[in-house]
Every structure is written in structure tokens, then in C-alpha cells.
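Below are two complexes that have chain A in common, paired first with chain B and then with chain C.
Up next is the complex of A and B:
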């Protein structure tokens, strides 16, 4: 039960509140929903950071994107640079929760909640993003591959605040996608998700990133799948081999959302679709955002 | 704004504005001065004997104003056909949502904490979750000593079996033996939930020895009599008021939490309010549909004639019978379906288990059994080499046909619904190999019952309609001013409604059984006819003309052909003496030959049956098993449609609800009978985005022995064949059957990946 609720006007105010034990709230889409469901009760002290102007906004530079912690999923989807160059992030942001979740939920909250099922994590990881973390003792950058330490846990101290996420610009001829298995068309939570980022050089794949969502204790890359892709020509058999490697690199659980066997099978199917969509985009072909919808029943299958 | 037409006129539903703008007040929005908050202590085991309850610590907690257990209350068992329940657990808990004690405290937090502080010592008992194995000789008994319970004489009460019902027509065994083909199928449906958007809320306040209870119930009169019975007070001392109701879908039928809250309020000597969380709502009694195991066997001749049907159904009633004792027999009727079958032998077992009790969720048992039967019918068609639509064309009932219990049908339009649905979906068109169209037919009875209404005309010519009918959101009650206006030549806006208040109106069955327009509408029209007669008498005297020469129009009683000779209804009403009342004649339930049937609980014949064909066009992602429904065509015979907008709304909602039942909505129980997904994160309702194109048409034919103006029920049928139509479409794509409901992506994927069929 929350006893104190304060609103921070500045990052410094927020950090001070964190230092005395408060937990931050921005969109509240994880904190409040989790409390209602009995997952974790609301913190004793809450500091609202949603009115700190300096934590908002997307800055597009030559060297990449700087996403303020308060940037909502809706803002990300609407951003033309994200859609064109960081398409997987747009794919993911477009399908987080519901319209309401996307309007209120923030990228900072999504990343710091550290759910292995978060949608934006795979794309950010594959784009080599890092988190900017501020505290009374300074600011530091934490690459996302070092940020998540387990389901719901991070390498960040409770007294530190995420202020933004930096995403370096990808090299031209890079295509990306995030595909999630979707039982229904809104309000979904990932049961299986795969991010693929590929860079073409001439006819072959010069670089590749593949990450899995909801298939391991944290979102993580699958080096074996990437290795299969790098140097290949992007033909169907290579994609299939990489998809198999993705499934082999996952450690799915058995729960009410799906059996481990189904998840493993779906890891392969969804990986195949994600890689195909990323390749198509790298070749300049149009694959509609979000890729989860446009690859339903397979890439090129009519959108249902 | 909810605008529609009735009889060609536009109407705006009276509750539309407050609901759309958010100004409307639901039970949870109400508060009373000095009000305390209720919390329940639920069972800590799904099946256990209570050895001791110690409420000392709870009572000592600051802010706690009452703690109530069954020991504080009259020793009364209640529960419809079997009186197997008590308000709070007595001696034994039988499912995870069973209420052991209630607490009232000045804050919600204190109430929750006090509920936790109640100490309960248990002796765990063996947990029975397998409702089929419940019939084994060595199965643990959910109710070990229920010979002492009062019950309807048709309830078998044997072991864990509550009811055993059969539908018997001719000699099914002999007929089966001479059939050209015999097809056997087995299907299994999981439990699913009603999930109204508004969780339960109850507020109770005593004045002396009278109690007013505001409750989110579909059945205020059943709640009233239940409170009176369990607290041993006269019904006259209990007033149940329903503020706006945020949906029910049958999950809010029966007496549930009104009496516990009233008992807490009496003990606390304060108003007490209970508001459920979503998780409580999921685990509460009677929120869910029953799981059913179904075995069908059909013998058919080469020309499609159905000569024999055998079926065996086992239903999971959960821990208590409640009002749902009739469900076994209802399921048996749906195992026959609206078909001409020469000989029938269906048996149906309604069993206890240590799971959440099931209830009367929208068309209880029908969607699940229809889903099984209509897939079975497609299997029969395949075996005969007939198109599934053609088989139905040859075998559906029509006027003069004999039903499963030799009920002879009046004019009915089921064959017309088949042809209309097939036409609307464009059944014969070519589709991509991952798309297909499935067709299913179902039926559902109308429910003749008493009802009553008053209409008072006020001195200024406005009027008040007093009805016991309950508005569940469908608009059935909201349309009543229009009907009255039509009868009296007045504007619907001249009338306000006094409804959902047991102190004001006659007894009514409530918002259940697709009965509101059928029965309450009949009563309202009868009351309007009474008012009409009084107005005609008064005007005839005033104008010195024969009644027969008068008409009511535009707020006047006037001489036909001479509109200048008139008297205004407002003038006649000015004396304040125009008060109409009416009930109307309850249509008779048709006769049948039920001599061979046992467990007769009222479903053995179907009064004014509503008949439905739905066709679903689906696309299947074979690799993932994810099914998308692209279009549903729904053709219904609900008799004469009185309010097209309201009726279409019921079909739209019913189809979407059916989509959830078909593809995603399933309660998963663990080995202890506890729900694993009692929340909206993992109990997957369909969303607006999943809703397909829905094309609706009504086969409106004159219907004998029906409701007002030849109407039948509308609310439940849309739910009946939706999952079945989707299933038949999915099977067409896969070439295999998905034999468990809901047909989740994983189950479709597994069926798709199966070797052979």
C-alpha cells in the first residue's frame, strides 16, 4: 500500500526521492496492472517522473537516436526515422499491449521492468542500444546486454534513474523486424517473439542479429542463429537453418500460455518470419509495420 | 448515442446518455454515510473439513466492525433444485472460491487484513477434479452426506451425480443396427467464464428490520427471495435495487452475495459495501460455463436420413448445484439438435467436482454441445459423401416435424435460416487453401414465465412504466417506452421507467433465459392495453361516441376520420386516475411424449424455439495454429423482431463472445481444482480488433404460441452455433478435427501436425 506519492519536477528531485526509497512511476502500465493482479503490491513510496520535461522526446542525430525515458510507444511508432531505420523497434512498439498501453506506457518503463516478454527489448538489444543511468554520484551508460540480469531484475541500483536510451545508427542496407506470436490482435503479451536485424552487402548477409523474447529468462541474442546467417545469401534454406538454430538456442517454459514444445516449435516459425521480413526490408521491399500482423500465415501471405 | 428504430421510428435509449458520458452510476459507485467495506475470507483448500475458525485477531484489528461466519446465521441450506449451499461454509469447503467468513471494516485495507487474520484450521480431504471419474465407485464424494439435503424429486443425487437425464425416442439401438453408416465422435469442452465488464458489487443498508440491497445482479427477485430465505426474514422486508448493470452474461444470475453483505451490515450496524476484484470475480461461484465430455453416435441412411442418435454427456457442475440443476437435461436436448431423428437415446450426467460451480452463462451448455454435435454432423456428412449444408437441408425440422420428445413444431424458420446464412457467406465461392467456410445450426427455447407491469399516467400527460424487468445492457427494457408509446399513440419520450427495484414492481424472472421482451414485454403491452381501454372509455364518455369509433394518435383520443373531434390524453390523465396493469397470458409449453425420459427438469420440449444458422469464414495459419475469423453470417428465426437495433446488437455481441469461446477463452484448472488463469492477462477475451465482419438477417415468420406480437427470445441464441461454425471451417482447412474447446492456437497446431486424421 502506497503511503507517499510525490511528483518530481526535475531529474534531481526524482533521484533524491529514489535515494530515500521511493520507486519511480511514469505510465504505470506495469506497476499498476501488476499490483491489481497481485503480482507485487504497490511500493510504499512512489515518485512520479512523468512530468519531467527533460526525460521526454526523441532526438534524431547522425550517430543515432536518443530516446528519452518517457517516450511512449505511440511516439516511437509515429516517428519516421524509427520506422525507416529502426523498423524492428517500430514493429515492437506498435504491438505493446493495447492502444491505451501504448499511449501511456514508456520505453523507459518497458526496459526497466526487465520482463523477458517485453517487446521493445529485442530490437534495442540487436541495435546495440545502451541505457543512460543517472544518480547522485553521476551518469553512466549500461549496454542493454548487461542491463537485464534475470526476469524482473537489472544491474541498476534502486537509487539510480534511467534517463534515456541511446541507439546507434545502423549501417545502410540494414533491415530489421520484430515478430511476435499473436493469439489475438490486441492486448497480447509475448509468448514467443523474435527480433532479426540483417545487413546486406551485395547479395550476401554481412552482419546479422537475432534475439529471442519470452524464450529465455532474459531477452538475449542467439549467436548460433546469427552465425548461420552471416555470409549466407539469404535464401530459404539459410533462413530455415537460422530459424532452427534460434529454436535450439531458446529455453522455453511450460505454462498456461503454452507448452514448452509448442513454444519451441513456434520459436522456429516466428524466427523464420522475422528473418524473412528483415531481409525483405534490407532489400528495400515493403513489409508493413507491425510485422507481426503482416507476416500472419507467412511473409507474403494475405493480411487477414 | 444508442439510436435505433422500432416500427420505423427512431428511438434513443433512455440509459444511453448516462452510460456513454460516464455519468451513470453502477453499484460500486454508490456510497452511504458511515459505510464499511466488506472482504471475504476464502477457502484455503479446495476440499477440506473445517476444524476450527478463530476470528479473535480479526475482531481485534482497529477499524473492524463485523466478522460473520455461518455459525452466526440461521442454519439454512439453499440452492434451487438441490439445497446444497450455505452462505458461509458450514463444516466443509468444497472449492477454492468458497466463502469461509466475511469481514466489514472502515477501510478496504483493514477489511482485507482482517480477512487474512481469521485463523482457520482444516483437515484436508481428497480433491475431486476429474468430473468423469467422479462416477467411479471409489471416487471421493464432494457432498458426503447429501441424503439430508432438500431437493427436487427429479434429481438423482447418486454419489457425485446430481442429475441423470435422458432423452428417449423409439428404439435407438435397433435403429442404429439398420443404419447404412454409423459415425462416432468424442469431443470435450473446457470451462469458460462469463466475464461481465463490471465485477460484482453489493451495498446493504438496514433501517430497523428492513434492508435495502443495491446489487449488480441480473435477478433481483431471486436475490430478494434468497436473502429472505437465508436470513429468515419476510420478503417484504427485503428490497433489492439494481443500479445500472455492467453486463452479466448469465454470470450474475441466482442469489450470490447479497445475503452475506446484508448479514455483515446487520452485524456492523452500518451500511456495508462489497466490491469484487477481477480475480475474485473469476473464482466466484457460478461465473463459468461447465466443462463437458461428449460422445455422439449417429446412424444415417445413404440419402441422409438420420435414423438413430446415441449420445452420452458428462457435465462438470463444480462444487454446488445452485440454479443450474437443469443443465444436464438442457445439454441432452442440444445433443439432439433441431433435426428430425427417428430414434434417440441420449443420457446426460451432471456431476459434482471440487471446482468452481458453473452457472447459467449465456445459453448454458448449448454452445459447447452444439460445437460438438455440429462437428459430428459434418463428420456424418463426410461419411455419406454429402455436402454438410445438403445434409442439414435434408434433416432439419420444419412445421409438423417431430422433435426429440415428439414435440410437434409450429411454423419455424430453421431451413430458411440455413439458406440465408449460406447465401450471405457465399458458401460456394472459391477460397485460398488456408481459408474455409463452416456452417452450424442450433436452437434455444424461449422461456414462458409470469411477469407484470404497471403504467401510471401522470396529471400532465407524461407516464411512468413500472416493470420488474432487468436491463442487462441489451436494451430490452429500454425499448419498452417505444412499445407503450406505439400502443397509446404517445411519444416514447413521454414515459420514464421505474425498474430494477423489487419494492416497486411485480415479480419478474430477471435478465435470463432470453425472456425479457418475451415475458416482461408481454406484461407491458397488457398494461398498455389496460390504459388504452381506460382512455377510450373516458374519451367515449366525453365525446359521446362509441369506443369503436375512437383511435389514439399524437397524444389524443380522437374520432376516426374526424381528427378535430378529440380529447387530449393529458386532459384525461389530469384527474390522476389512469393506472394500468397487466401480465398477459403466459404461452403454454408445448407437450411432448416424455414418458421414456428420466430426469425431466423442464427442458424436454422447447417453447417457441429460436433457431439459428451461422456460417463462419476463417483463415488458418497452419504453422502457428492461429485462427482468424474473417466473416460470420448469422441468420436467425426469433419470430417477429420488435427492435431491429437491439436484436442486431445481441447477434453482434453474441458472435464476438462466441469467437472467444471458440478460440481463446478457457479456464485452466490445476490438479487441485484451482484456476491457473483467473485474470484477464491469461484468460483471453477477444478484442474489438478481432471482431469479424458480421452480416445479420432475420427470418421473420408468424409464430404461434410466442411472445408479444409474435416475437421469440433473442439474447442467447447468437452464442449457440458460433464456435461450431468456426470449428467446421477450421476442420475444412486442416482436414482434421480439433476435439477440445477452446480451439487454442496450440490445439489447432497440434491437430494440424497430427499424422493421419
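Up next is the complex of A and C:
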């Protein structure tokens, strides 16, 4: 077979190319880098989707956010609505790779690469996001809790294109946080990651979401940890119990980045930090988004 | 199957025939002959190959050349105005930010991207922005000082 490369101008072009066996490339920061590292060679037939204008942009409506598949991590971190109301997602995109990775890496590529260690998955899952998927036979919505089927695999057919991600608006008094254990501040892959989303009603936690990253074959929620939090008053002992439940709900692996035992121990620590930060944000306290808000000009973030 | 494309590098348009799997780095070094950008790791870890693509930093070793068709590419060769070095280039020399020089083309591109977004970065901002650029000689301090002093001198 000869190598081919086409550039799609429209979604219709792209799904037609996918239908005849091409693989999509957006920023290429997973696809090309994976080939460079020898994980999988580059596909013989490639369709570039990075110039499809309708796949860009963040639209904020009453009912929530619509993220185009091509929205980059840089755009997510710089978006005021994401930072204020979907803060865990900003936490995640802020620490992806380096500024070069964030400038080209897209939310669509992050989600479709389906790494159990990728950063935006936990926040999207906890915000009840769903993926909009298009093909020559129509459009469908796949809730993110049904999207990932294993490390690197999804419920999406190779002939289908992710066109966007919809994130419903959280109820007021919701706070969220994503915390990653890492050995360096940037250019890292999560050793362990935990997302927490909590909603306060008066003094107590009315609703809670906890998800684990790099702690199971797919990013997933931990219902036992959520149950511990719901109805509690957000005091230290409740947070500690939820953090223990998070670690108990994980099934980590041994690899070069950490042993299973270390990951399980750190799951508890990182869960405690994520839940505490989400609670603080729900109470209206300021918890900095990582990687220094001042790096992003025009955000109005106070400079130290 | 090679595909015809136009790579615009440092303002000059180069008509080229590109293999679909060819990286932007290989196209610029081997087809166009601009060898300022370096290959260190070839998989997005070191930043020696960094270029600007429509003004944004990119690891060109891991970016398909065909995706750059019709976009503006800037390499280290395109920073100076003729013989006139940029304030950042001068500062890097003055502050001991260059030793063997292998990381320098990527460092300059990365720091140029930072300074365009952020005219007066803190030390922290500089270290975060340069986290994708490895230097095995300088220990980074001279580089960080150079970037901050260039920011102040052009403010």
C-alpha cells in the first residue's frame, strides 16, 4: 500500500476519508510521537483534520460548554469560563506537556488516544461530559463513562470522527480540582491523578464525584469514595475516609513510573489533596491553577 | 506517494515534494538546507528541534511536514534582522546561556514564543516555558537570567 496524506476541509471530507480507511491526525502529539517512540508505526493513510474550521472553538451557553474537537490545551487554560466553572479541566490542560504540546495538542486527540494516564479525562468524566461522534451514517452522543474500553481503546468505530465534547453546566456552589502526582512540574505523565468535584448545600456536601487517573485500565469514577463524601460536612475525617476509599477502589500496575504499592499509597494522598482543593473552591476560596496563571497573559490573574 | 506542498520558512516560500511521514524537521534540514534546528531525541522530549508554526512553538521532529503546508514556519535562522541579533540572542551570549550551543536554537525559539505572549515573565514563568527544552551544559541559570534581562531591555 502506498502512503497517502490528505487534508480535510470539512467534517464531510474527513468522515469520507475515515470510511475508506484513513486515520485522523489533529495535533499529532500522540500519533507522531508514538510512532517516533516505536509504539506503533504511522498509519499508511492519514487524513489531517486540523484545518476543519467547524471543529474549533469553545462555545459557552446556559446549558454548558461545547468544546470543538480541535480545541487545544492552551485554549482551554486561557478560557475564563473554564477556569472559573470547570476548574479541574483547566488544572489538567495547564500541565499537559510543555507550551509547545499545549499549543498543538487537542482535547479530541487527548480523549481519543484513550491513555489511562491522560489528564483531561478525569475532569471530563466527573463533569458528566459526552462526546459527539459523526460518521457517514449519522451523529451520536457517547457519555465519557462509556467511551474508553481499555488502555488505548474506545467504543468509537475507526470510521467515526469525534466532532466535539459537551460539558453540562455545573450547579452553583460546585468546586472542582484535578491533582497529578508527578516527578517534574511539566513534561510529565501522571504517576497518579485524582479528580474531585463537590457541590455544597449549606454546610454539607450535596453531591460529589471522584475519578482516578493512571490507577486502573481506564480512567474511572470511584462510587465508594463519592458515597463517603455525600452528606458529610467536608471535615478532615470525612476527606481522609474518602481518600482511603479512593485508594481502595484503584487497581494500579507496576511500571517504570512507579510500583503498584507506591501508586496505591499515593492515590490516598493525592485524593486527599484533590478533594480538599475542590471543597475550598466550592467555598469560593482561591486555589491556584498549576503552571502559574501569570504565564497566560490577559487572564487578569493577580501576579505575585 | 509524495505530495506537493509549499513550506514557508522565515518568510521564503519553498515548493517541495513531501513523503507523508516526513517530519517538519527533516524537511527543513534536508530538503531546504536550513540546519540551525537540531535533532536531539526525535520524539518530543528535548526541544532542540523547536520552531514556530504560525507563531506557536512546535517540536518539529514530531510534526508532519505536510501539516505545515501553507503555514508560517520560523527557525532560529529567522530571528535576527540581517546581522543584527535580537535582544534575546545578545542576552543569551552575555549571561553565559550558551556553552556547546546544541540546545540554543530551540531555547531561542521557545523563549521567543514566551516573550511574545508574556513581555515580562517571572523566573517561574521562564522555567515553566522552557521545561520542554533540555540543556546538558549550562545548568539553566544563565539561560533564565538571559530571558528575563532580554524581557526588561525590550520593555
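Structure notes:
In this section, the second predicted complex is superposed on the first by the 288 of 304 C-alpha atoms of A that agree within 3 Å, B and C clash if a C-alpha of one lies under 4 Å from a C-alpha of the other, contacts with A are read in each partner's own complex, and residues count from 1 in each chain.
The rule is short, and it goes like this: a contact is a pair of C-beta atoms (placed from the backbone, for glycine too) under 8 Å apart; a residue touches a chain by one contact, two chains touch by 3 or more.
Here the structure is a predicted model, which is why all the values come from computation and not from measurement.
By the document's definition of touching, neither partner reaches A:123: not chain B, not chain C. In the superposition on chain A, A:256 contacts chain B only, with no contact to chain C. By the document's definition of touching, of the two partners only chain B reaches A:269; chain C does not.
Of the two partners, chain B and chain C, it is C that touches more residues of chain A. When the two complexes are overlaid on their common chain A, residue A:186 makes contact with chain B and with chain C alike.
In the superposition on chain A, A:36 contacts both chain B and chain C. Residue contacts after overlaying the shared chain place A:170 against neither chain B nor chain C. When both complexes are overlaid on chain A, the residue A:101 reaches chain C alone and has no touch with chain B. Of the two partner chains placed by the overlay, neither chain B nor chain C lies in contact with A:64.
In the overlay built on the shared chain, the residue A:7 is in contact with chain C alone; chain B does not reach it.
Chain A residues 33, 36-37, 98, 184-187, 296-297, 304 lie at the interface with chain B in one structure and with chain C in the other. The part of chain C that touches chain A in the complex is made up of residues 1, 3, 19-21, 23, 42-45, 47, 50, 53, 56-59, 61-64, 66-67, 69, 110, 113-114, 117-119, 121-122, 124-125, 128-129, 131-133.
Considering their complex, residues 2-5, 7, 25, 28-29, 32-33, 35-37, 42, 46, 48, 50, 74, 97-101, 103-104, 184-187, 291-292, 294-297, 303-304 of chain A touch chain C.
The residues of chain A lying in touch with chain B in their complex are 1, 33, 36-38, 98, 181-187, 189, 256-259, 262, 265-266, 269-270, 296-298, 301-302, 304. Chain B makes touch with chain A in their complex at residues 109, 277-279, 432, 434, 619-624, 626, 628, 630, 663-664, 668, 676-677, 679, 681-682, 684, 686-690, 744-746, 749-750.
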